Amino acid sequence: MLEIKNLHASVDGKAILKGLDLSIGAGEVHALMGPNGSGKSTLAYVMTGRDGYRVTEGEIVYKGRDLLAMSPEERAGEGLFLAFQYPVEIPGVPNTTFLKESLNAVRKYRGEEVLDAMQFVKLARRRMKELGVSEDLLKRPLNVGFSGGEKKRNEVLQMAVLEPTLAVLDETDSGLDIDALKAVADGVNALRSPERSTLIITHYQRLLDYIVPDKVHVLAGGRIVRSGDKELARELEKTGYAAFTGEAA
Amino acid sequence: MPAQSFTEQFDSLRGELPGAALPWLRELRDAGIERFGSLGLPGPKEESWKYTRLRPLEQTGFAPAPAADTVSIDRLPALFPQSGMGHRVIFVNGRLRQCISFLPGELPEGAELGGLAEALGRDPEGMAERLGRIGRLDGQSLLALNTAMMRDGLLLRVKAGVTIPLPIEVVYVGAAGAEPISYHPRNLIVLEPGSRATVVEHHVGLGEGAYFANSVTEILVQEDAELHHYKVQEEGPEAVHIATLHARLERGAVYDSFTLSTGAKLARNEASVQLAGPGAECHLNGAYMLRGKQHWDTTSVIDHLTPHTTSREVFKGVVDDEARAVFQGRITVHPGAQKSNGHQLSKALLLSDRAEVDAKPELEIYADDVKCSHGAATGDLDHEALFYLRSRGIPESTARHMLIEAFLGETINGIAAEGLCPALMASVGHWLSRATNGERS
Amino acid sequence: MAVSSETLETVRSVTGGEYKYGFVTDIESDFAPRGLNEDIVRFISAKKEEPDWLLQWRLKAYRFWTGLEHEEPKWSKVQHPPIDFQDAYYYAAPKEAKDGPKSLDEVDPELLRTYEKLGIPLREQEVLAGVAVDAVFDSISVATTYKEKLAELGIVFCPFSEAVKEHPDLVQKYLGSVVPYSDNFYATLNSAVFSDGSFVYIPPGVRCPMELSTYFRINAANTGQFERTLIIADRDSYVSYLEGCTAPMRDENQLHAAVVELVTHDNAEIKYATIQNWYPGDKDGKGGIYNFVTKRGACRGRNSKISWTQVETGSAITWKYPSVILQGDNSIGEFYSVAVTNNYQQADTGTKMIHIGKNTKSRIISKGISAGHGQNTYRGLVRMLGKAEGARNYTQCDSLLIGDRCGAHTVPYIECKNRSAIVEHEATTSKISEDQLFYCRQRGLGEEDAVALVVNGFCREVLQQLPMEFAVEAQKLVGISLEGSVG
């Protein structure tokens, strides 16, 4: 599914990722943990093609193709989805419009039929019901005035509607109360299938109680310094990252 | 033809103006009078004079101010409660009065403080280098007139790295008798890199006579220097107060100004600030209180010339009786001045049915990565707040005063100079203690 | 309700992303001789078989205009080479339609095809959309639909020239009563040479049951278009009116100097919407329409209301300030505007709200979008006169910049002479957000679709004011006119 080899990336001329290797197979859920500033969000933005994130060395192969050669929207079309750490507010654009435009853009990319308004509303309603998201969320302007929890739920709703093949969740758990956390986890778990993979970027082990990962990686100093199974996350919770930041230096 | 008469005045005075023997200054003055002659007094056809007419200047002849009689120091109001809080420089009818000025203790080494006339005699080369160097000249006919007629004014130069800890209070006294007089102060403030100073201008009128004070101030704030510049304008009731200010700010420089205006029959402050280096920051704030038939105008142009520059401009005022307030402010972000940040706000309260406020806040933006905004509001006192106070037993007039004080206090309390806020708030209180229309109605 | 990407792409595939309405209709036309003098004014008046009072009015305007020579308004921020007013035709009309067609069957089929190509199929529209259309081609009205049905309600909706013949009292009473012939350089020129336009009268107590719309088309080369529109809403009446504009792509600039006058009496309301998509010139700034228009409404009656909504995406230069004079107590004026300037387009537009009556209210929402080398200025006046007790104004002007070579300017004039009046003005300027664009692209939207989506969100408050069927059209237009502005 995803093969990252020796990835070096910089922002504003400052090297952040320094030789990162990561391999995610189809159907797998990986967790990427690490202290602040270790490069977790940078990895998410490099994968999705944000401006200003420069790859200086290495490669990312996604579904057998060179991911880095694609535009952000092509990557989305190929099924790469990022749940943003800070979802962006777009005043005046109703949530439902945005979702429909996104879905149809992605469907068109895949050569699938574009949904009309009725079909779309049916699909969106079904997903909202599954995730326990209130319908009123769809009518409001995108993320504008949403609470922290609403924003995160909305990201998961988008994910459920767009049905990505590789979802990257960038600290989707931060700032959530326990109910919201469960709802987010349920959403992710509902999407788990042998064709879909997930990369969960997180600070804490908390979310991993609800979404059990196949593998856990520790990112420090721009590289993966340790990989293991879910026990590694528990261990980190006890020992902290200090040992690893030392290792990376 | 008063415009003509200024030209005539110049012709008869030119030989006795300070520095008359200096060729460069003669040229400067000649160019000034020529430009003034061709432009004439500014009129309504000029966009920036849309709301202000210089009627008193058109109608009345103002003779050049004579070397004034002695003014006794105890007649001069002081802004700071006790003497010794600052250096004090006093100009009477535009001329420096050494005998009543005082400097408590020594100025720090590297600080030069004095009068323009004296400096022209002492250091003509240095003055040639610095005078008339800052700011645009196009269309500025009153600046041109000042350049021709200037006699004296404040000269402050602070050398690199020097801080003047005490504020410098500059008192400009207008004292006219039965005959209307005019004078043209020319101030020059240069803060070299890393220096700091605080200047407090206090404009007062003695007596009821008519006078025309046409001042020009040139300011250069060099790298990382910081100038705090405050002004209290309490000119006499028949005064015409015109103050043109041109400031240039270099990298990391800060220019922080506040003007409180209550005086003059007709007052116009025209400021042009150039943010000419990254990190330069200017605050152009003020408050005004007008009554009778006073006309007050503040017109400003802030040019963001380089990236990462910041400007803030907040003016608040109350207008009573048949007075009129004019606020014109323009923020221009020039091509390439990315990451500029400009904000401008004008708020006015009308206290009478015949008062008027005209506001024209302008944004002119030629770069995309900027944050600029402006706001303007006019209205009456907040009726709900007034009712709330009265429902707590506060008499209406007191309640009104409280609300006006709170309204103006918001801006005045932002002033950094120690001891000045209470003085300005006292000035607000004093103004209010004379009956406002609000109470009569 | 946002622009859908499929329609955007359909349009693009047809037009190659360029101006869609740039074709020329090959039709024989009658021209007045080139140039402007009293004889031309007489020629136009004679062509239209006008009564003498109207000819005299035109001549008065013409003489006043000659006195104004070289006094074109210079206070706006727009720049253009001097216009040679003698080097243009002031009257052009499709030959067949000299006297105006009696019914659609008499309209030249070539013209019907033109309007179909423009998306205004006159026949289908009549049957399907429930919108009455007056089509103005160069100088004259070629077709008006639904006239009979409206006439049953006493509503007059007809070409201006027809109104002069059929309803001379109304025309004489109101023409020039809001915009006098001496108002400004271009309005004066229009008063002398205006060709045609729409006339609407809604009688007392009548709520017009359908949208009225005029579709303006400049076709002939070197021709100025000077239409004149007059809408009167008598007491307790209501009408919603929409105009659309296009022109062929030509290398030379063409002048369009229209005048629109609106009058509302007690409790009446007029909603006036414009979708202005005149040819903007090419991407190097060559050609395009000079759109110098005077639009003004008078709320004469108590509780009356005039609402202007404009979507300005076309023209090389736009110079217009749809205004409201709030005379009647409790009357309301509104101005909602979206102006887009891309490439070398210039727009200097805004409004004037003159508060005279008690408790009059006005609301101004302006959204300016600049891209390429475009220059976009909001210029507006809010004036509270001494008797305007309790009057209120709220103004919000937002500017969005796309790229670092364009300009966005805000020049409000606020004049308040009444203590109980409240005026509030806010303005912001910022660039289009990289975060927003990236968020959209991560969800699969192409860059231009992302820009269109974000910009349409930015304009939503204004676009919402348009009738539904036009709102969708306007959204598409905003997206298309910004093409090529990113990347």
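Should a chain be cited, it is by its letter among A, B and C, assigned in written order, with residues numbered from 1 in that chain.
By our rule, a contact is a pair of C-beta atoms (placed from the backbone, for glycine too) under 8 Å apart; a residue touches a chain by one contact, two chains touch by 3 or more.
Computed from a prediction, not measured in an experiment: that's the story for all the values here.
**Student:** Where the contacts of chain B and chain C overlap, which chains show up?
**Tutor:** For chain B paired with chain C, there are no chains in contact with each.
**Student:** Determine, using the mean of C-alpha atoms as each chain's centre, which chain is farthest from chain A.
**Tutor:** Following the centroid criterion, the farthest chain would be B.
**Student:** Centre of all protein Cα atoms: which chain's centre is nearest to it?
**Tutor:** C
**Student:** Taking each chain's centre as the mean of its CA atoms, how far is chain B from chain C in angstrom?
**Tutor:** 45
**Student:** How many angstrom lie between the centres of chain A and chain C, each centre taken as the mean Cα position?
**Tutor:** The mean C-alpha positions of chain A and chain C differ by 47 Å.
**Student:** Per the centroid of Cα atoms for each chain, what is the distance between chain A and chain B, given in Å?
**Tutor:** Computed from C-alpha means, the inter-chain centre distance equals 57 Å.
**Student:** Any idea which chain C residues touch chain A in the complex?
**Tutor:** Of all residues in chain C, those touching chain A are 1-2, 4-6, 433-436, 438-447, 449, 453-454, 456-461.
**Student:** Touching residues of chain A toward chain C in the complex: what are they?
**Tutor:** That would be residues 48-51, 71-73, 75-77, 81-82, 84, 87-94, 97-98, 101-106, 108-109, 114, 141-142, 158, 162 of chain A.
**Student:** Show which residues of chain B lie in contact with chain C when the two form their complex.
**Tutor:** 47, 335-336, 338, 348, 350-380
**Student:** For a test of understanding, state which residues of chain C touch chain B in their complex under the given definition.
**Tutor:** Against chain B, the touching part of chain C is residues 75, 384, 386, 399, 401-432.
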